[in-house]
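Chain nomenclature is as follows: A, B, C, D and E, assigned in order of appearance, with residue numbering initiated at 1 for each chain independently.
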Amino acid sequence: MHRTVPFWQQALLSALLLGLFLGAWELAAGRGGGGTGVAVDPEYAALLGQAAAQGGQTPFPRPSEIAVRLWELLRDPFYVRGTNDQGIGVQVAYSLLRVAAGFGLAALVAIPLGFLIGMSPLLSGALNPFIQVLRPVSPLAWMPLALFTIKDSAISSIFVIFICSVWPMLLNTAFGVQSVRREWLNVARTLEAGTLRTAFRVILPAAAPTILTGMRISIGIAWLVIVAAEMLVGGTGIGYWVWNQWNNLSLSDIVIAILLIGIVGLLLDRALGAVQRLVAWQD
Amino acid sequence: ACGRDHGALACDGAPPADGTGAFGEAAEQAVIRAVFPEDATRRGLLARFGAAAVAGAISQFLPLGAAREALAQPAGAPEKKDLKIGFIPITCATPIIMAHPMGFYGRHGLNVEVIRTAGWAVIRDRSIAREYDAAHMLAPMPVAMSLGVGVAQPIPWAVAAVENINGQAITLANKHKDRRDPKQWKGFRFAVPFDFSMHNYLLRHYLAEHGLDPDRDVQIRAVPPPEMVANLRADNIDGYLGPDPFNQRAVFDGVGFIHILTKELWDGHPCCAFAVPRSMITETPNTFAALMRAIVEATAHSQKPENRREVATAISGQNYLNQPETVVNQVLTGTFADGLGQVRRVPDRIGFDPFPWHSMAIWILTQMRRWGQVQRDLDYAQVAQQTFLALDAGKAMRELGLPVPASATRTETIMGRPFDPAAPVGWTERAIRGA
Amino acid sequence: MQHPYVSFEGVTRAYPGHVVFRDLWFGVNRGEFVCLVGHSGCGKTTVLNILAGLDAPNAGGVIVDGQEISGPSLDRAVIFQGHALMPWMTAEQNVAFALSCRHPGWGKAKLRDAARAALEKVGLGQAADRKPAMLSGGMKQRVGIARALAIEPKMLLMDEPFSALDALTRGALQDEVARLVAEANQTAFMITHDVDEAILLADRILLMTNGPDARCAEVVMNTLPKPRNRATLHKLPGYHALRDHILEFLLTRSRTLAGTRPADWDPKSPPDVRPADAPLPAAAE
Amino acid sequence: MHRTVPFWQQALLSALLLGLFLGAWELAAGRGGGGTGVAVDPEYAALLGQAAAQGGQTPFPRPSEIAVRLWELLRDPFYVRGTNDQGIGVQVAYSLLRVAAGFGLAALVAIPLGFLIGMSPLLSGALNPFIQVLRPVSPLAWMPLALFTIKDSAISSIFVIFICSVWPMLLNTAFGVQSVRREWLNVARTLEAGTLRTAFRVILPAAAPTILTGMRISIGIAWLVIVAAEMLVGGTGIGYWVWNQWNNLSLSDIVIAILLIGIVGLLLDRALGAVQRLVAWQD
Amino acid sequence: MQHPYVSFEGVTRAYPGHVVFRDLWFGVNRGEFVCLVGHSGCGKTTVLNILAGLDAPNAGGVIVDGQEISGPSLDRAVIFQGHALMPWMTAEQNVAFALSCRHPGWGKAKLRDAARAALEKVGLGQAADRKPAMLSGGMKQRVGIARALAIEPKMLLMDEPFSALDALTRGALQDEVARLVAEANQTAFMITHDVDEAILLADRILLMTNGPDARCAEVVMNTLPKPRNRATLHKLPGYHALRDHILEFLLTRSRTLAGTRPADWDPKSPPDVRPADAPLPAAAE
């Protein structure tokens, strides 16, 4: 169960699976089979001025078409051609900025508050019911409320990121602080270390891996939520980009956006994973 | 593919001008197929001479007119009675909606479920998926879908009837009360319901006429109409050219004011459409006919000023618009608060006229071209004919004793400038001021 | 008895429904090494925690250096069973942390130097930059010892400091602790399960009966000559007698005496015994 | 740090905090309602909302108003007055049904597949890149694709739930299976237990707590996502209800929906928590 | 030497860059109890795993009952150090699981009865319905023993089965294993760190030098009379000599012999010694 398999075997199988999947897709889409069920009469289309070349157009884009489009988008990801037309890189940057703001704010609130909750069983018991009820509330249910009360869409988006990513950090910080080993606290006590010294030199580093686990969950949620929030609020961001491409039903762009969202999400996760490794300690 | 399935329409390049419409085309098609059973031959002929010419030639020796008449008679009971129709909760959908509580569908033997839907993209997707048998769409949507613009492949839908004319407005946030001149609007963020909407085209035209470049000087984004007020209140947008009741709702909640009614831009412009898949006409012609009659009747009923209050009551509830009745009332009666302290009385603020003028479609096409949604050359008249079913609507109107225009085109007046559908080219340029 | 450095005076510790021990009296003299031996659960750790100030008695008190204690103090350093090093600090940082508590005014460099010196003393000069996870069990426990000694406490408290180590490492560390304590003439109090360990290190060995309601049944005086050495310990005359006496106690008397108190029982002075001074009756060969 | 505090103290503090919060809100909202109070033409005023008539904007509802509305909604939660007008209980039921379908499907796929991945280091290595990229993709980015390819909005919603809730279960199952203690496997081997017996009597129960942790995370995500999906696609469900009330700017309903979503989410979490306790084992 | 039940024949086990042991030969006779003693990391567990069939040698082979082994077998039951009970099963279910592997045809009731009987044998009849978490360490290890014995193996393999237990429990279990193994005349192979344990239980004690490249340096014959009993063991004549011999080995020779091979070294027959038969030279009193 813990056997190790050479990396090249895994990579080969990965590549093989990817190849098979893309190949099957290319073929399936090429045959036009995966269509909409509404067979289009090419002559009808011709009457409407469709170029004959488009007779073979398929409803779902083929991987090769997507690759071409991807190349187009990535050749110039940061262009800004007016307010309604900006490169995909610009959109991702907008989303990342919002996530950074909301997530940063959440960390600023959650970590000190989590610390307090972790240290005080009373506070922990008293706040728990509220946390438990608010935690499962969907970000998009918050959005209308935020828009209405905050009256600023930029801050509303950030608030929604905030409110969704605050819970895992809060709970994990509290849990991490609660489960600092008694023996380390005893060491600090026998050394007559003061409250602040104990908090910063013992409890914080001891709880850091747990806190970072919470932050990692949070950033994942924040990234899920930003796309949803931007679809709803619009204006800029990768979520708005998806929304726009959906309105135009341009499937290649949506597939590309999905990939991009996945990859950026993965990178965010990896980045926090790296920080997590930095503060991790082994026993 | 002529002669197979519903391909009939496709072969009829120039439908007769006498108003026999799609039924006639089907009959004609059947005849052409009977005369030239060989596919290749038939296609060759059609390609060379066009369907009209071929039909004309055939009618020299066959009683084509009679066949058309026979096939065009409404042949009794609808093939399919249980229908689902999607709508967006706005007053543009009034005929579609009020036909439900007020029994117009039932009167024509149909059992219709009207389903409130969250946005235009969802309307489009559920229509393509045939979850909806027919739908409330923005007038440009069936055109775009048929052209394969904004969809993955051409999907032949058509405007069977126009739902409403006028009835839109530009609403601005209250903080802009002192900026009534569009030249002051640089940097504004506007919402329109959808990229393929009259709202988008009208707003762009309006801005361009005042010297703003809609793509650079302002931001225009697609926001589902119901979300517009909330976004205006949240200062997420500075204004919108949107459907009612959301213009009036902004006033009602003290969030915005009505800057201008679209009636003042283009009196009689179309907004929303009653859209059907083209296949419905050939596959379930009786259902189609019954539905047309119900919609046309409901439209006519909604148009009468004396019915407007009753209609407002019928559609304001939870099941339909889910809006305060007074708001809907102000929209339908045209006596409304403008958000600037005035009570305005514009009885024709919104109108209901089902006839799908081809000239409307042609203007829509020029704007699609103008703003880069369509990049190739189009035969505007052809496309208009295929997607705006003036003949079928006219037939239903005639059956209900309503006056039917003699021609499907007319000269429109848009912001004081005449639009001649026969000479549309000037309207495709980004800057038409100087044209 | 001279005036002891530490004295437990009538200490009782009870949890609801469970008396761990009652009316416990004993003393530890300055420079003396006392071991506490008894079976699991009899309350040894509880005794040590009270002495460390980490736990408080329900009745009675502990006098250290003439003052009743009210909490932990830098004067009583603890070497914990599970070494209790902070795993996110290097060996040096662990020691420096303790030093920075003792000497809040010291600068970084001074703390570093002192920490290195303390680690040199336990033979870990070259491992100062390693984190605990990269140290063997024995090395970790050594760092714990260095940390405790670095703050120059007046007394050393050890709770089974070597029980988690293998025999070889344990032996080496026992020798080391013996040396360091002797060098500094350190007062020490240690809990152990290991009879040989107690014989090697202790001047006196307190034997506790099984719990609940445990008591200190007798005090074994370890009269074997010092310095002692693990490899030659079993060759010292009296060793087998001493070992067998304690084993006997653990195997049978710790259980049979549990809960009972003889008629002449005086909790203030449990009987002293010196088994190594008399020849072993049965096991002699 | 592990001190226990009497329950009544926690409950009292909870109640106190809640009371303070609601009180402050009631006061703040009560004062904030009116505008400038400028006298306007009564005919004009009659056409406006109450607040707008006084020169202000519709204010945020007070807790007491929300309570009244809550009572209204809860008095008849299951009414059905046409396609577009159904009680809040009916909407929650719709959402729960969708979640059950998507989540159930995801469990059916994720648990066996996770088992395979956990048993095979090769498969684990090969599939990992795909899982890592697809996992952070926002549900709402999937939605357009689902609507287009599946062509059924009901199934699309379920698909989106499926795709979002499949990852935690998959990863946790794989992880749980991978970390079954070597010693238990050795016990099975020395007892010559067959593959099936080992899988069902040793690996499955050993991994069950980890699998259930994954399921618990998944149900949380599924519940977040269903609300978002329903807001976007509409029709029925509590998410659609939020959207609908938002359009009517009826904030009382949105606050009630948020509470309801939170409580239902909490109950779902608790239900899986109960199952988790059933299969948990202590070492 | 008679034809042994188990024979290790020239077994070598190495990891890349690290030879654990090389060319190891020894036998275990039917009904014999053999203990393997050596320091941590010398390769004891590796020897046992190879014998259990859980690990495979790089060279050489293990013959059991005339056949080379190729994997685990129900005939060689293992009692693991960490008890290795499945925590989601009750004590009874743990034993029944083992029984169901041995007897796939048995019904539920029969399995239950047999499992209860096996638990009765180790004195756990009343704890059969408890999960391991609700059992003390000693009770858990007892269930492990019951599980191993229930399948009536031809041989019992034990890897430091009691090292995690406290002294009292450990003693009780050692007595119990001695009794059970004697009753069934069970062949047994056990790893231990505890010299007294080896003396109490073993017929022969294999002493391994430290690793890497460990070897079995000598075989100590335990000639103390049987049955032995923990409480009186230290009173048996020869006990101290035997114990001191093994301690001596662990304290010094295990290290000094490590890596060396005397000139006359024959891996196939390490020297036998019988320290308990000769009087103890130094420690006698």
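The criterion applied here is as follows: a contact is a pair of C-beta atoms (placed from the backbone, for glycine too) under 8 Å apart; a residue touches a chain by one contact, two chains touch by 3 or more.
Predicted, not measured: the structure shown is a model, and the values here were computed from it.
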The pair of chains with the most residue-pair contacts is A-D
Longest centre-to-centre distance from chain E, chain (CA-based) = B
Once you find the CA centre of chain B and the CA centre of chain D, what distance in Å lies between them?
-> 39
Averaging C-alpha coordinates per chain, one finds the centres of chain A and chain C separated by a number of Å equal to 54
In whole angstrom, how far does the Cα centroid of chain B sit from the Cα centroid of chain C?
-> 92
Listed in rising order, chain E residues that touch 2 or more other chains are none
Which chain A residues touch at least two other chains?
-> 36-37, 60, 144, 148, 232, 246, 249, 251
What residues in chain B touch two or more of the other chains?
-> 121, 125, 128-130, 152, 227, 230, 233
All pairs of touching chains, please: list them by chain label.
-> A-B, A-C, A-D, B-D, C-E, D-E
Inside the complex, what are the residues of chain B that reach chain A?
-> 1-2, 5-7, 9-11, 13, 43, 120-121, 124-125, 128-130, 146-148, 150-156, 189, 191, 194-195, 213-223, 227, 230-231, 233-236, 277, 279, 376-379, 382-383, 386
Contact set on chain A toward chain C in their complex = 181, 183-184, 186-187, 189-193, 197, 201-202, 205-206, 208, 279, 281-283
Would you mind writing out the residues of chain D in touch with chain A in their complex?
-> 1-5, 7, 9-11, 13-14, 17-18, 60, 118-119, 121-130, 132-145, 148-149, 151, 164, 177-178, 180, 182, 185, 220-221, 223-228, 231-232, 239, 242, 245-246, 249, 251, 254-255, 257-259, 261-266, 268-269
Which of the residues in chain E come into contact with chain C in the complex?
-> 39-40, 166-169, 171, 193, 230-231, 234-235, 237-241, 244, 247, 250-252, 254-255, 279-280, 282-285
Mind pulling up the chain B residues that touch chain D in the complex?
-> 89, 113-119, 121-122, 125-126, 128-131, 152, 226-227, 229-230, 233, 249, 251-255, 317-320, 322-324, 326, 330, 335-337, 341-343
